[in-house]
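This is the structure, below, for whatever I ask next.
Per-chain residue numbering starts at 1, and chain names A, B, C, D, E and F are given in the order in which the chains are listed.
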Amino acid sequence: MSEHPLSPETKERLMAVSVATLATALYKRGLRHQVIQDVHPVSPKGKNMVGPAFTLRYMPAREDRNQLVEFRNPEHPQRLAVEMCPEGHIMVMDSRKSAYAASAGDILITRLMMRGAAGVVTDGGFRDAMNIGQLDMPAYHNRPSSPTNLTTNEAIDINVPIGCGDAPVFPGDIVVGDDDSIIVIPAHLANEVAEEAVEMTAYEDFVLSKVQSGATIIGLYPATKDENLEEFKVWREQNDR
Amino acid sequence: MSEHPLSPETKERLMAVSVATLATALYKRGLRHQVIQDVHPVSPKGKNMVGPAFTLRYMPAREDRNQLVEFRNPEHPQRLAVEMCPEGHIMVMDSRKSAYAASAGDILITRLMMRGAAGVVTDGGFRDAMNIGQLDMPAYHNRPSSPTNLTTNEAIDINVPIGCGDAPVFPGDIVVGDDDSIIVIPAHLANEVAEEAVEMTAYEDFVLSKVQSGATIIGLYPATKDENLEEFKVWREQNDR
Amino acid sequence: MSEHPLSPETKERLMAVSVATLATALYKRGLRHQVIQDVHPVSPKGKNMVGPAFTLRYMPAREDRNQLVEFRNPEHPQRLAVEMCPEGHIMVMDSRKSAYAASAGDILITRLMMRGAAGVVTDGGFRDAMNIGQLDMPAYHNRPSSPTNLTTNEAIDINVPIGCGDAPVFPGDIVVGDDDSIIVIPAHLANEVAEEAVEMTAYEDFVLSKVQSGATIIGLYPATKDENLEEFKVWREQNDR
Amino acid sequence: MSEHPLSPETKERLMAVSVATLATALYKRGLRHQVIQDVHPVSPKGKNMVGPAFTLRYMPAREDRNQLVEFRNPEHPQRLAVEMCPEGHIMVMDSRKSAYAASAGDILITRLMMRGAAGVVTDGGFRDAMNIGQLDMPAYHNRPSSPTNLTTNEAIDINVPIGCGDAPVFPGDIVVGDDDSIIVIPAHLANEVAEEAVEMTAYEDFVLSKVQSGATIIGLYPATKDENLEEFKVWREQNDR
Amino acid sequence: MSEHPLSPETKERLMAVSVATLATALYKRGLRHQVIQDVHPVSPKGKNMVGPAFTLRYMPAREDRNQLVEFRNPEHPQRLAVEMCPEGHIMVMDSRKSAYAASAGDILITRLMMRGAAGVVTDGGFRDAMNIGQLDMPAYHNRPSSPTNLTTNEAIDINVPIGCGDAPVFPGDIVVGDDDSIIVIPAHLANEVAEEAVEMTAYEDFVLSKVQSGATIIGLYPATKDENLEEFKVWREQNDR
Amino acid sequence: MSEHPLSPETKERLMAVSVATLATALYKRGLRHQVIQDVHPVSPKGKNMVGPAFTLRYMPAREDRNQLVEFRNPEHPQRLAVEMCPEGHIMVMDSRKSAYAASAGDILITRLMMRGAAGVVTDGGFRDAMNIGQLDMPAYHNRPSSPTNLTTNEAIDINVPIGCGDAPVFPGDIVVGDDDSIIVIPAHLANEVAEEAVEMTAYEDFVLSKVQSGATIIGLYPATKDENLEEFKVWREQNDR
C-alpha cells in the first residue's frame, strides 16, 4: 500500500478543483510535466475522476507471444491487472502513446467498474469506446481503436512506474481528471496541493465573478492590488468559501 | 462486378456486429492491419455502415493541372467517381492521409447519397463537414478541412487498389464502420467472417451480462471454464441468440 | 487602425457564407494557404465568427523569465493584449502549433468577451476549455491543454504579423470561422471576396437543392450547361437571393 | 513513350545545374511543390542524376497477399518493374512516405543499374543501403530500412502517376537529383527550364565570385543595378559562359 | 543467465550476415517487427555488432527526482546498469523514442566499452556523440542529443523486457547491428536463424555475382528455375561457401 | 548593443567546451530547454562555433507577398539581415521548424561569411547545402531543402526574440555549436557558465582518462569519493589544467 494513501478529505477537495488549477499548484513546486498529454475523456462526465494510480505497462508485441490463445492464460497481465486493481483506484496504462491497437475493450472496463475502480486512463485507445463512454465510470484515451491489443501491445508489468502521455506515473500517485484532461500528483504532495488548489479555486471563482461584472484583470489576476484581496475576503464570507 | 458480391444475409450480419469484433475475427486469420487508422465518423449515426468498396485515388496536386477550371471537365475523376459509384457501395478515398485540403464537400457527398451509396470514407478531411454530418448517409474522415481539394490533391484513378488510413483496400472489399472506426474485410472472407462475428458477439453479450452481474473475467473471457460454456448455451436459448 | 477596416456590409456578408466557400474564392486569387490548419471550435456555435485580427505572438519559454510572479507585472504581454484587443476584433495567437501548455484560460477569455472581442483563436490549446466552450463568444483551438502557458510559451509581441496553424496572419486581416474551421482574408480583399462568396453561396444553395431533387452534378457544378444558369436565374428570383 | 522525350542537349544542361536553381525556375512558372521532400542520397555522388521517371506504386500490404512465396511469381510487379525500366530512366517509387520496411534491396538495385537505369528514388528506405551507396548509380531514399518490403508494402502498379515525398510524379517527367535533393520537372517544361536554369546558373556563379570578392548582395542578387548586368556580360565572355 | 546463451558458432555466423537477411529469416517465422526503427550507427564500423541484450528502461523524468545530485547515488540505475552489463552483452535502452535529452554520454559509454560490452543502442540520442563515434565499440542512436538525460528521462528498471524503436526486446535476446540498422532475434531462435541466414547469404552473394554479370532476377531471385540452383551448387564449391 | 557583450576570454573558454557540458551547467541553473532541437551541422567542422545571436524571424508565406520580384526590394528583410549581421555574430533563423523550403542559399551564406559572421543556424533547411558545407564558416540546419524560401517562408522581423528548434533565442544571447548540436546561453550568464564549463571539462577529461585506464564510474563521476578529488588535483597540475 502507498505510504501516502488518499484521505477522504483530500479526495473531496480534489473533486472540487480543476486540472488547470492543480497544474499551476504543481508548477509552483517545480513540477511542469504532470499533465498527461493528448488524452481525452471518452465521454465527458461533468465531474472529476480522483483516485490513486494502479499501473499497467505495455511493450511492443512480438507475434509468437501474442496469439489470441494467450488470453486463455489466467495469469495474462492485462486480465490479471483488471482483477487486481484495488477499489477506488484508477488504472493507468502505458500504451507507448500508440492508438494503433486497443489498450482494452468494454468487457474489461466494465469489469473494472464492477470491481469499484474510480476510472481508467490510457495513452493509446479503447475499442468499444462507444460503449465505454456510456459506463458510469470515467475513461480517458487518445482516440477509439478497434484492433485487439495483441496487434501491437503486450501487457508486461503490473503496478510499476510508467510513463503515460509523457507524464511520469508512480503507483499510488493521485490521479485527477476533469472534462479537459488528467494530472498526476505525486502521492506525498496530494494533501498540500489539494488544500492549496481549493484556496486558489476560491480566488479564481471570485475573479471570474468580478470579470463577468466588467472588472479588468490587471491588479486582480493575480491580486497585485490590496483592495482586491480585501474584496475577496468579503466575497468568501458572503459565499461561504 | 466483384467475384464476391455482398449477400443480403452477410450484410445483415455485419450490421449487427462491431468493428472491434470483426478486427479480432480477421486477426485470427492473420490479418492485422485492416482497420483504417485515425479516421472517425463526421457524426456518429448509432448504426453500422456496410457495403462493398468503390475507390478513388488522389495524388499530390501539380498547380498547372489543378485550377478551378478543371472541374468544368465532365470527365474529372472526382466528379466522375461520384456519378459512377454503384448503389449500396461505399466510396473509399486514398487522400494520402492528409487533411490539409478537402477530399470532397457537401454537394458531392449529397449527390453520392442521392445515388444510393451506403457511405463515404476518406483518410483526409471533408469541407462542409458540419453539413455532411447531418446527411442521412454515414461519412468518415480525419477532421474537417475547408480548402478545395485542388489545393493539394488531384483525383487520378477510379476503383483501383488503394491505401486508406494505412489499410489496404481493394475494390469490392467489404467495408464496415461503426461509431468507433472502420474495417476493410477482404471480399472472399466476408461471409465466413460475418458468421463468426455474429457468434462471437453472442458470446460477448453473454459475457457482458455476466460481468455486469459481478462475474470475474478469468475463465469467462475467453471461456476456459466449461461451466461458462454451458451457461452460455442456456443464455442463448433464453435470449434467442 | 487598419487601412482596410471591416465594413458592416462586409461583416454581414461574411456571417452568411462558409469558410469552404471563402477558401475557394481566395484560391481563385492564388491564395492557397489561408485556412488555419488543425484548429477547431472549442464548442460549435452554429454561426460564424467574423472580425479583424488582433495578434499575440508566443516564443518558447525560458524558465528564469517565466515564473508565476511574472503575471504580477501589469505590462505582461499576455495580460496586456487581453486588455488592448479592440472591440469587435478577434485575438489570434501564434502558439507555435504546440498544445503542450495552454495559450490562455477561462478568466482571460471571459475578460476578452466582456471587452467586446468577437472571438479568440490559438494554434495551441486552452485550459478550462470546458468553461470556455460555454461562453457566448466563439473560441478555437487544437485541443484542451491544462498546464499554465508559462510552462512552454512566453508572450512576447502584440499585434505583429504571425503564423497561426501555418496560415499567415497580419493585424487587421479579416478572420472568419465557422463550425468546421477558420480562414484569414487579407484585409484589402475582404470586400470583394465577401461579395463574391455571397454570389457563390447562392449558386451552391441552388445546386444543393437540385442535387437533393436528384440532379447530376455534371454540367451543374460547376455550371457548364447554360440551362442550369437559366434555371438558377429563376431560382434566385423565387428565393429572393 | 513520352510525348516529350529527354533530348541529349537538355540532359547535358540538367547535369550542370542545381536542384535549387531548377526549383526557382519552376517557381516562376507557378509550380511550388516539385521537390521531393525528405529524401536524400544514399551516398552523395558529386554529380547530378538526370532522366525520365519510370514509376512504381506501393500500397499497404495485406498479409495473405504478401508472403515470401509471392516473389516466386515472375509477374510480381516489383520484380517486373525492375526488368521493365527503360535504359536511361529513373525508377521512382511511391512508398507512401514510410521507411518502416524496405522499398528494395541491393540485388534489385544492382539489376536496375546493370540494365542501364540512370538512378532510383523512393520516399521510403532501402535495405542493404550500405551496399547500394557504393554502386555506380545514384540512389535516393529517406533512411536505411532492413525489413523486406512485404512487411508493409505491396507493389501494385507500374508506371502510373504517383506521389513521391509529396511531389507529383508522372511517367516521363524529368527527374533531377543532386547531392542535396531531387526535383520533378513536368516533361513538357524540361527544355525551357533547362535552358533557363543554365542562364540562371551563369549569373549565380558570377554573383558568387563577386560575393567571394566582397561585394554586397543588394543590387546584385537579384540584379537591380544595371552596372552589375554589364559586368556580368563581361564576365560571361571572359569565362566562356 | 539466459536459457539460450549465445554460442561462439552462432556469434560467428551472425557476424557474417546482414540485418536485412536476418529480417527475412524472421519474417518467414511470422516475426515482422524485430528491426529497431529509425536508429542509426553513431558512426559506421564496417562490421557487425553481435551480442545478447542487457536492457535499461527510462520513464519520463519528474523534476524533484531528477536533480544532478541524483548521480551521487551509487545505486542510480543508469550508472548501475553500466557497471552491471555483462561482458559481450549489448546494452539496449528504451528511451521512449525521444532524443530531446541524452540517453548517455561518452564517459558512460567508454566505461561500458572498457568493461567489455559488445555495443550500445538507444532509441533516443547520445550526448558527446562526436566522441562516442570514435570509440572502438559500436553505438547506435537516433541523433546526437546534448541535454543531460535527467532533463526528460529517469532510468528506472534494469534488465526487464522493453521496447526500443518499436521493437520488443527481452533480456538475453540476440541483438545484431550492421551499418544500416539493428535487429532483435528472440534468444531461442538465434541458432536456427543464424544458420539459415548464412545459407541465405551464400545464395544472395551468388545472385549478386550473377546479376553483376548481367543476369535477370526473374527465375533467379528467388530461385524458381532449377538451373539456377544447380549453378549455385557449383558456385558454392568453387567459392568454398 | 547587448548589455552583456561577449568578452574574448569567455569566447575562448566557450571554444574549448562541449555543448553537452554547457547544457549541464545551464541545467544546474534551472534552464532545461536551451539546446536547439534536431538541428545539425551542414558539415562537421571539428571546432566550436561561438558568438552572440543576431536573429531573423520567418512567418508563413502569403503568395501575393512572396513573388520572386520581392527580392528586388533592397529592404527585403532576409537580404537586409544578411547585410546587417554584425561581425562575430551568429545569425539564428526561426524558420518555424519547417524544412519544406529553404531558409537561405549559398550566395547569402557566403556573403554572411565575407562580412565576418561567426556562423549561421536555422531550424529549417539550407539550399545549396552541398556548397555551404564547404564554406569556412559553420552552418547548422535540419536538412537540405532546395525550394526558394518564398515557397513557405516570409522574412518578417530582424533581431527580435525568436524560437529556434524549440529553444528561446534573444538577440545577444551567446550561441555555441559543436559537431553534435547548438546551445543558447542567456547573455547575462555567459561569463559564469563559461568559467564553470571549463572547470567541468577539466574534471570530465580527468574522469575519461581514468575510465580509459579501467576505473569504475561509481564514486568518480560524479566525485563522491574524496580520493578522486585529490587525485584530480594532482592530475590538473600534471596536465596544466
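In the analysis below, a contact is a pair of C-beta atoms (placed from the backbone, for glycine too) under 8 Å apart; a residue touches a chain by one contact, two chains touch by 3 or more.
The shown structure was predicted, so the numbers you read here are calculated from the model rather than taken from an experiment.
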If a chain touches chain D and chain F alike, it appears here: E
Labels of chains that are neighbours to chain B and to chain F: C, D
Copy pair chain E, chain F: interface residue numbering same or different (half cut): different
Contact-pair overlap exceeding half with D-F, pair selected from D-E, A-E or B-D: D-E
Whole-Å gap between the CA centroids of chain C and chain E: 50
Distance from the mean Cα position of chain C to that of chain B, given in whole angstrom: 32
Centroid spacing, where centroids are CA-atom means, of chain B and chain E in whole angstrom: 39
Separation of mean Cα positions, chain F and chain C [Å, integer]: 37
Touching two or more other chains - residue numbers and ranges from chain A: 32
Chains grouped in pairs wherever the two touch, ordered by label: A-B, A-C, A-E, B-C, B-D, C-F, D-E, D-F, E-F
Chain A partner contacts - residues on chain C that touch it in the complex: 68, 71-72, 74, 79, 82-83, 99-100, 102, 105-108, 110-111, 114, 127-130, 143-148, 150-151
Contact set on chain B toward chain A in their complex: 18-20, 22-24, 27-28, 32, 35, 37-38, 40, 44, 178-181, 183, 204, 207-208, 211-212, 214, 216-219, 221-222, 224
Residue ranges of chain A touching chain E (in the complex, touch as defined): 29-34, 59-65, 96, 154, 156-157, 160-163, 166-168, 186
